[in-house]
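Just below is one structure, and these are the notes that go with it.
A, B, C, D and E are the chain letters, set down in written order, and residue numbers restart from 1 in every chain.
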């Protein structure tokens, strides 16, 4: 069906040691995961110049829509696949395998000039961000949280409802309660950076990578999940200490492609073998090495079937 | 006389007659062209049918899940929660209307004024330089305008309006207007340029100032072209996506307060199509209903526009 | 005296001419612009190798009639006609009559000069080109000959490839005449062709008309009664969309049958 | 015989007139369209309450000269002038001279009819309106009077509010004359105003010109030498951008000083 | 004749008229200047960011995770490929439609319908065209995420703008020119092709430049089509996948690393250069043909 996208590799078969491969690898999906896969694709082009890897960023949902129709080989996702999407895949006879490729840490941020917030607990976060938790009109003052903090309204910034980042925050902090209505929303994390950097009373959250790059403009707030305040760093995220605000990001691979297209398998292997390096390079946090090894075995198994 | 002089080697009349016999090709072209052209004209109809086909099916599924009454009357657009969500289109519509109105308040006066300047006051040379430069404005990718609005215009406006939110309707509206200026200016200028010079001379000969020529003679004569340019501009503003998505925020709130964050119909569609929403969810289907709303919206506006344009058309 | 004799002989000849010398025969032609009845029961025969002048006050339907002869009138929306016009025996309103063929044989020069926004050369070469003449040398020759014919060659020969809009009104009109001559039509319709020309050019065009009539038939609308009297063989006097009188030119001007004609040519009304 | 006496008396009077009766004085005027030298060393005085005719072959610069008189020529790009034109003693090229004021006092009727794409009424009312006349009753009166003045009232009085483009060429031109009369100018420039008119309308306009000259000064470009002879007091003969001869009309036509004038008026060249 | 116009008042009134003329002329000039000033500010911001990042490597490199290695090559070539489809398809369809409506169609309900339909399409947001293209070209016609599919989608997107501009231009050609041509025995198509179209070219081009500029800067519908952002190869034909400059730019602006903002600026500069180049060609043609009748 997908003449232009579905590659038809010349090479078939198990081993691909120093072998030259060709054909297409079509990747689409989450914009959050995009940089990691882009890095992999870029490096892969050096190894296998004849394999044409393309990476899109239709978003997690958009990516799955195409993936479940069989139009792509990989679908990047900043959240696990949903039941409705699974059903769609099943209906179209698409089998897939979930691969974790890195951690993303959600950083909670305030303005550089904010000198009063030392840390926040998960409950405090919920009180601030959930609608109606403090009062009816959702206007929350710093002093409502801790009396010694200024008597000024908190300006909230959050990624839009349709991002994987919000989804995760919703799940672990809001626990299903609606978001504070006064929150300023944007789909673009750089836009949120601008917002928080421009307002002394700002409080917001977004991906760890954006915090790392804007350390000079913003300050990350340590989070207390019952074991004392923890600052988001590579170490705390990888070790799982920075909880509950770190999450894995994924790519889903089509089993059919994995079996039938040598270049897809090869790319998946390349991604897992070098994923740690690429993730760190573009601002994410690598998984523990054994996680990558485990997944490598899994796809090898799938291919052999 | 030359026409009849004897040493002439040929007769044009005869040559034409002979060519006529050979010219079955010409007749074929004459027969073929209207049909080919009709075919091209039909493409636009097919496009509309295609859009309807694309939108209707999914819109239908959406309205199986969400009542059309809620869609039209509810004042809240909270589509994210399948259970507690509410699907009132009003906030998105007001967001769109608000930014479009602001954009038009910028683009129409400035664009028309530029058109008058270029067509009636500027020298031929100045026009030849200025017009293309203005058109560059139209070609800058809208994402650039989005960041321009967010990082330049909003802070600038905040100096004047202290309670202006970082995301608001005003700044993207203004920037969208700026982006549309060349469209209004260029197309209106074309309409005004095509008013014959002899008419201008007639007016100037009566002692008119250039202003009077422009406003009382040329503008009325070019009304249909100018109205057409306005309509294209409005359409462009309604359909513009990236600027409002970046600088307007994504808060679908029913408000006419330009200092507040808003969301437009288009920004919502981008938000969902580039976002996370699962395929098959109500949110997913909602973008088709929103698309349909945009479609109906522009249809209504265009019928109005056509009525206006028809009333003002002049022949010369 | 001698002149009168010549003219009389001419009239005789005209009467002796058989049917086949009629170029255009108009029978009971009516024309409406929407509701406005612009031509009423026109009956008019136009003869070969003659100059037929059409005179009458402004708005009487002269332009309308002449535009009907090559079906140019069809370009105006909401025009209705009834009656019949035959050109060389064929009804021009016939479905099978191709309007392009008619207009190739019946050239037209308009009231307002209307050169194309092209070079002078391209203006004149337009007609030959659309009729399939591509040979550069022949085109050059046609262009020169036509421009000479319209008495404008000397003024434009050094700027043949500049835009025609740079010419003065009179020059433009002569260019339009040249353009029409370039396809050597059978009949030439002229709607006040000299109204924008100076007397010298007018004279040249008048001479040209006399010359052309040896081979062509010419129908000319004019306001200038002297011109009509000077150059035409027959004259039709139009009034309010009707033909009041149609006669040999010298008869019409010297001894009109109709009182209204007399009043008009002596300047008593308008 | 009597006529000659009257004319002679008139000539005397003209000579007796002092400087203050000069409306326009042109001194050593030169004009170039880019490189093309279109007017050469023009010297010409135009007197009050007279009709001055300008004749000459096509392209000789008549339109150019008349357009210079109300500075309409400035609309053409790349036009350069040297020399001086004074209107009622003031140099019209003076920086301080407002061109709108000049043109309000010096009305113009063009060669090609150029009505505005508005109703007939609005065409005529345009001038008065821009000068601040808003009173409906006065406007109505001005419109009627101007249309009557241009001998077109009867034809259009029932459709004053229909578009001017529905009129025939001749009607359009008369409308343009009416439009010009509506602002009651001091001088009226006419560039072949009757070239699109039938003789009756022409006659009416000519009569009108005679009537108007009691109060106004009129400069008229015409191809029609009879017209020039009929209506003008003075005539200037242009040739190749130069004034060959400028004289009382009867003198110029009966006994021209210059050989070229004689050749031209007797139709010997062009 | 008694005078109805008071000369004195006319002269008094004239001061006001001239003042109004001068004031408004100045305002009109300011309005024109306003656009230019914004443009200068915008360009200044972009150029100061882009400087240092604009070099041969930038033109020669594919996208990269490292800002210093990132290049626009894939996007630049892709955008040009896109124009290879959009320019001819939209011009032929657009001008064809305009000719049909203005020259051939009798004023009927059907033509009214087409007309309404076109102005309506002009208002349909680009993103909806993306949905259309995805459904029809990518899926139903099985063209995949190819240059052809995207080009056809973009052609339909800009079609209404071209149609409307071409219609206005064709309408502005004086009827007397058509009459003159018909009078020579020219057929309808000859008249259109040789007289009407050449006279309408300046207007058609103006509209088309605007339309094509829009197509070259448009992101949203391509995102919906699923056009990839990363490619390390160039398309070989119209059925290959590709990427375009605005998608690259969009991606760069949303990256966390500050240097990518500069890369984005460099990308914008390249896009603008392409636009200006396109405009110049069209302006050259336009100025060559522009006439006032």
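Before moving on, here are some points about what is shown:
We adopt the following convention: a contact is a pair of C-beta atoms (placed from the backbone, for glycine too) under 8 Å apart; a residue touches a chain by one contact, two chains touch by 3 or more.
A quick note: this is a predicted structure, and the numbers were derived from the prediction, not measured.
In summary, the chains found to touch both chain A and chain B are E. Path length between chain B and chain C in the chain contact graph, taken as the least number of steps between touching chains: 1. The busiest chain interface, judged by C-beta pairs in contact, is B-E.
Per-chain Cα centroids separate chain A from chain E by 37 Å.
Chain B and chain D have Cα centroids separated by 47 Å. Residue positions 101, 104, 112, 131, 183 of chain C are each in touch with at least two other chains. Listed for chain B are residues 26, 196-197, 209, 212, 270, 273-274, each touching two or more other chains.
Annotation for chain A: residues touching 2 or more other chains are 31, 57-58, 62, 188. Pairwise, the chains that make contact are A-B, A-E, B-C, B-D, B-E, C-D, C-E, D-E. Remark: chain B residues 26, 29-30, 33-34, 36-45, 47-48, 50-51, 53-55, 109-111, 113-114, 116-118, 121-122, 128, 130-144, 147-148, 152, 178, 181-183, 185-187, 190-191, 193-194, 196-197, 209-212, 224-225, 228, 231-232, 234-235, 238-242, 265-266, 269-270, 273-274, 287-288, 291, 294-295, 297-299, 301-303, 305-306 touch chain E in the complex. Contacts from chain E toward chain B in the complex involve residues 17-18, 20-21, 24-25, 27-32, 34-36, 38-39, 41-42, 45-46, 92-93, 96-97, 99-101, 104-105, 113-132, 135-136, 156, 159-161, 163-165, 168-169, 172, 174, 187-190, 202-203, 206-207, 209-210, 213-214, 216-220, 223-224, 245-246, 249-250, 253, 268, 271-272, 275-276, 279-280, 283, 287, 290, 292-293. Considering their complex, residues 70, 72, 75, 77, 99-105, 107-108, 110, 112, 114-118, 126-127, 129-131, 163, 165, 176, 179-180, 183 of chain C touch chain E. Only residues 1, 3-5, 7, 9-11, 13-14, 17-18 of chain E touch chain D when the two sit together in their complex. Contacts from chain D toward chain E in the complex involve residues 98, 100-101, 104, 128, 130-133, 138, 141-142, 145, 183-184, 215.
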